[in-house]
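Presented sequentially are two complexes of chain A, the first with chain B as partner and the second with chain C.
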Partner chain A sequence: MSGSAVFWITQLLNALQYSMLLFLLSIGLTVIFGLLHFVNLAHGALYAMGAYIGISLALRTGSYWVALVLAPVAVTLIGVVLYLLLIRRLRHAGPLSQVLVTFGLIFVFLDVIRILWGDIALGMDPPAALRGMTSIFGVRYPTYRLFIIGMGILIMVVLLVTLARSQIGAMIRAGVENDQMAACLGINVERLFFAVFCLGCALAGLAGVVAVPVLSATPGMGTDILIPALIVVVIGGLGSLHGAILGSFIVGFMATIGAVLLPGINSVLIFAALAAILVFRPQGLIPARG
Partner chain B sequence: MQSIHGKVLAAVAAVTIVGGVGAAGAQTKVGVLLPYSGVFAALGQEIDDGFVFALEEAGRLDEFTLIREDTEVRPPEGLAKARKLVLQDEVDLIMGIVSSGVLAALRDFVTDSEVPLLVANAGEDSSTGENCSPYVIRVSFSNSQVNRPMGQWLYDQGYRRVYTLAPDYAAGQQMIATFRAGFEAAGGEIAGSEFTPFGRTQDYGPYITNARAAEPDAVFVFYAGSEAIAFVRQYDSFGMKEDIPLFGSGFLTSPLYVDAQGEAAIGVVASLHYVPTIDTPENNAFVEAFRARFDRTPSEYAVQGYDAGQVLMRALDAGADDRASLAREMPRVSYTGPRGPLEIDPLTNNIIQNIYVYDTVSDGAGGLTQEVLDVIERVQDEPMGCTLGQ
Partner chain C sequence: MFRQTPIRTGAGIALIAGLAIHASRGGYFDREIVIEIAILAMLAISLDIVAGFGRMISLCHGAIFGLAAYGYGTAIVKFGLPPSTGLVIGIALAIAFGALVGAICAGTVGIFYIMATLAFGQIAYVLIFESRWLGGDDGMTGVRRMDLSLIGLNMRDSLTFALVCLAVLVLVYIAAAVVLRSSFGRTLSGIHANEARMRAVGINTRMHKTAAFAFSAALAGIAGVLKAQHTMFVSPELLFWTLSGEVLIIVILGGIGTLIGPAIGATLLVLLKHEVSHYTVYWHVVVGAVLILAVLAGGRGLFGEFEYRLARWRARRRARRGTGGAADA
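Coming up: the complex of A and B.
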């Protein structure tokens, strides 16, 4: 195969891998917003907690796989505490209070991480089975990055099928469309909200533990990733699963292809796309409510 | 209300007076201006530890009053805290400064108020170049100084085509520009060069793939802190290290965080003004004493703080007793410390020191250590527009 084909396939895999990481993170953010109408800026902090708890679990147990399963569980528990103490009270407090409180939580978590794990960034090795490189489409690509792509596709398919085919999916769709009407039809909307919130937290924790062998963990990682994740959600359409998928691909591919073709203005590209969406299609490309 | 306020003021005044009497003698007030929170907090703590350790080791801690202020990484914050230290606390000098942005913001203020500023990290070139000041004395390094020898060194090792990568901000550009000038002057060719968005790049995959496509003999980069950890790991994960060796400005594999890079850092060659494995009596004694005190190996940041303490104490020993005499005496200090012989260049007030080319290797016990490959002695910056010597 020619050198340039190898180059482009590798870059497309890079784009796909970054899109999947963005998807794992933004899906929790957008689902919580779509159903609960709740702006949870602390989502990035939960992602960071997932990464750090994952590192500690992997060190303690010696197994990445244990960390992969337990870190999302631990983050969900943190989410439950947050929900019971703060978020439930703020459900009807309006977006400004929600943004202020969850923005404050970012700083609380930042300092909690600094106290528990220190200021210096931490790294983690991928599990032995996923180290090294694998040949795919005629190019050699890091195995762990292929794992991220696979994980993203798996979660994507599970969520799509659940939302479209299952009863709980139908309830969630009803709740997003009109929560009062859904409640009148006998759906326990509060319990549904709580379940979806937990799912969102688990996905944030999963994104954290999956990302850490590639990106490493820093106390500020939650805020660093929040901006791209919010851009994904806004471009895709607030609250929409399909929108989050599309938005992740757009942002992930623009970031990668921009780094290849237009390195000088790469960092502007994403924001230009965001501005264009806000001007011409403020509801996002695939809004949750038709 | 007013009377309570008055009582509090009186109490505060009383405490201050008692404190003043209790610490009688020739007390030197040092304003320690470092980031104790934010992305550089770990560096701030490391410099603070090194500085205090120097005073402690000499048994002179009680001669100094340290007033610590947190700059985070924000120039306005740094300037406000510097004003407070100078105008309210009336410090004799300010020590610290991690971020080059904070240093640039303080330069005019310390020069106008004639307060010596002992820089223990920020490496921005122009602070000891065109914007130099008789009150800004740097005992850490300059961005140019650390990288200048690497161009010739890489050429001498047989590398002819090098690809460069660095974050897109002042330090990244200065480090790469200096390396590039040295490498091209030696006869090498830059195969390609890119700057990644600073603080917003988490995934270097696309850039690493670009670098491979340029088919260079070697890759030279500058990254520091969390970016360095992510970059070194990702470079290795793409199987690049076996094909195209990675070189860098020494912060790339700083002993402070090399453990977080793990095996990915093995074989990376970088240049720096200090590594803990410099085999001299001065450094061996320092490393041993620092380990006994803090239970960890000192990094270059700790040594910068330590040398700031040494320079200060030696200036006091030479008779300095106020701001003006400190600004005069500190640049005259020269001594041999952990990083070898060091002196302050009278032409720029920047330090003159050895630069070490080192390799990160396994220590045989599951950890990593540094192996010094080469020493480039007495690296001195050009005045770069500084007129102190005229």
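Coming up: the complex of A and C.
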């Protein structure tokens, strides 16, 4: 196979892998906004906590798989504490208060991470089974990155099917469309929203653990990924699962392929796309409400 | 609606006098802090005009500030123009960018406004960061200060520069207060309270919001030009969104919609930053916790809370007088 074909397939796989990370993160952001009408800027901090807790768990237990399962649980517990202390109180407080409080949380988590784990970037090895390279479409690609892509697609399919086919999916769709009407029909909307919030936190924690072997963990990692994740959510449509999927692919591919074709300018294009959506189509490409 | 109450005037005079005394009595380091406070206070006042009186929560004021600094620096370093021309170019650039962003974003509300201004600010940041001609992430050195020897001021002297910054801060505050007290400012307050109703009574709200944003950008531009002269160096960091976030925090902690509150907030935050950094490197956790508590306490900020309590106390006293001794029984 020619060199340029290998190069482009590798780049496409990189873009796919970055899209999957963005997807895992933006799910939480978008459902929390769509259902709870809450702007959670601290979602990136949960991602960072997932990464660091994952590193510590992997060190203690010596197993990546334990970290992969337990770190999202730990992050969900942090999310529950945040929900009970702050988010529940601020649900009807208007976007400015929400932005400010969660901005404050970003600061708090930043220093908590620096105090507990230090300023140095920490890494983690992928598990033995996923080390090395695998041949795919005629190129040799890191197995671990393929694992990220596969897991992202799996979660995507599970969420899509659950939302479209299951009873709980129908309840969530009803809640997004009109929460008061859904409550009148006997759905415990508060409990449903809380469950969805927990799922969003768990996925953010999962994204954090999964990202460490590729990106390594730094205290600022949550802030770094927050802006791309917010762009994904806004471009796709706040509260929309389909929108988050589309937005992840758009931002993931623009960031990765754009960096090859138009180095330096690609992030301007991403922000320009964000601005265009906000001004001309603030409900996003695939709005949550039909 | 904005009112220049005696308490606000008094707080402003006390603040400026305190900073001026601190600068003239203290050493070089104290003067540097006073300069930092004065510049940040201007930026906070400019943000309060749109955020506190027009419901436009901007996250691109850092970018406006940085663009003005770059306009000033580029005119001097790259084109060899005199600093006075650089001043005009820097502020004009800030106004142009502010008018453009303000006009495009005027139709959006709430979280969408915050996100859209963030996007435009980041576009400006990335373009300057990627520009080799402007020095990229290394920034640009060789920015001179203005030569005011004609009126007997040596700007290279740190005390003179600090006092000039304080004088400009006073002028910025007066300009903001005059505009907010004008009929234009009253219309803006009306938009803040209920935009749909203002549109219904025949006000072109988009135009007013754009004009207010451009005016705010002009004041942020003045701060930016002073910043470039202070450090005699400009870097893309000035345009990054976290600076905009920091200024928004200052406005909230000081008291949004009080105009003098943000100036007090800037003073306290800079002092706090320097004090806390003596004891611990983890000053973010302190600011974050204070911010969360301030919002949970009602979001009025320090000066806003003070005015709120004062008004409540006065109202209670008036009520007690009005009903005579009946209330005590």
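Here, the second predicted complex is superposed on the first by the 289 of 290 C-alpha atoms of A that agree within 3 Å, B and C clash if a C-alpha of one lies under 4 Å from a C-alpha of the other, contacts with A are read in each partner's own complex, and residues count from 1 in each chain.
In the analysis below, contacts are C-beta pairs under 8 Å (C-beta built on N, C-alpha and C of every residue); 3 or more make two chains touch, one makes a residue touch a chain.
Given the structure is predicted, the values throughout are model-derived calculations rather than measurements.
K.L.:
Overlaying the two complexes on chain A, which is it for chain B and chain C: clash or fit?
P.N.:
On the superposed model, which is not a single observed complex, chain B and chain C clash.
K.L.:
Just chain B (first), just chain C (second), both, or neither: which does A:G150 touch?
P.N.:
neither
K.L.:
Tell me which partner A:P142 touches in the superposition: chain B (first), chain C (second), both or neither.
P.N.:
A:P142 contacts chain B only, not chain C.
K.L.:
Considering only touches as defined above, state whether A:S267 meets chain B (first), chain C (second), both or neither.
P.N.:
both
K.L.:
Kindly classify A:V39 by the partners it touches after superposition: chain B alone (first), chain C alone (second), both, or neither?
P.N.:
After superposing on A, A:V39 lies in contact with chain C but is clear of chain B.
K.L.:
Given the touch rule stated above, what does A:V279 touch, chain B (first), chain C (second), both, or neither?
P.N.:
second
K.L.:
Check whether A:L100 is in contact with chain B, with chain C, with both or with neither, and answer first, second, both or neither.
P.N.:
In the superposed model, A:L100 contacts chain C only, not chain B.
K.L.:
Which partner chains sit in contact with A:V108 here, chain B, chain C, both or neither? Use first/second/both/neither.
P.N.:
In the superposition, A:V108 contacts chain C only.
K.L.:
Given the superposition on chain A, at which of 78-86, 150-158 or 276-284 does chain B overlap chain C?
P.N.:
78-86
K.L.:
Based on the A-chain superposition described above, do chain B and chain C contact any of the same residues on chain A, and if so which?
P.N.:
Shared contact residues on chain A: 114, 227, 267.
K.L.:
Which chain A residues qualify as touching chain C in the complex?
P.N.:
Against chain C, the touching part of chain A is residues 39, 86, 89-90, 94-97, 99-101, 103-108, 110-112, 114-115, 223, 227, 230-231, 234, 264-265, 267-268, 271-272, 274-275, 278-279, 282.
K.L.:
Which residues of chain B touch chain A in their complex?
P.N.:
Touching chain A: residues 37, 39, 41-42, 45, 168, 194-197, 199-200, 202-203, 205-207, 209-210, 212-213, 225-226, 229-230, 233-234, 237-239, 256-257, 260-264 of chain B.
K.L.:
Please output the residues of chain A touching chain B within their complex, sorted ascending.
P.N.:
For chain A paired with chain B, touching residues are 3-4, 7, 10-11, 14-15, 17-18, 21, 114, 118-123, 125-126, 132-133, 140, 142, 144-145, 213-216, 218, 220-221, 224-225, 227, 255-256, 259-260, 263, 266-267.
K.L.:
In their shared complex, at which residues does chain C touch chain A?
P.N.:
Against chain A, the touching part of chain C is residues 57, 104-105, 107-108, 110-112, 114-116, 118-120, 122-123, 126-127, 130, 241-242, 245, 248-249, 252, 281-285, 287-292, 295-296, 299.
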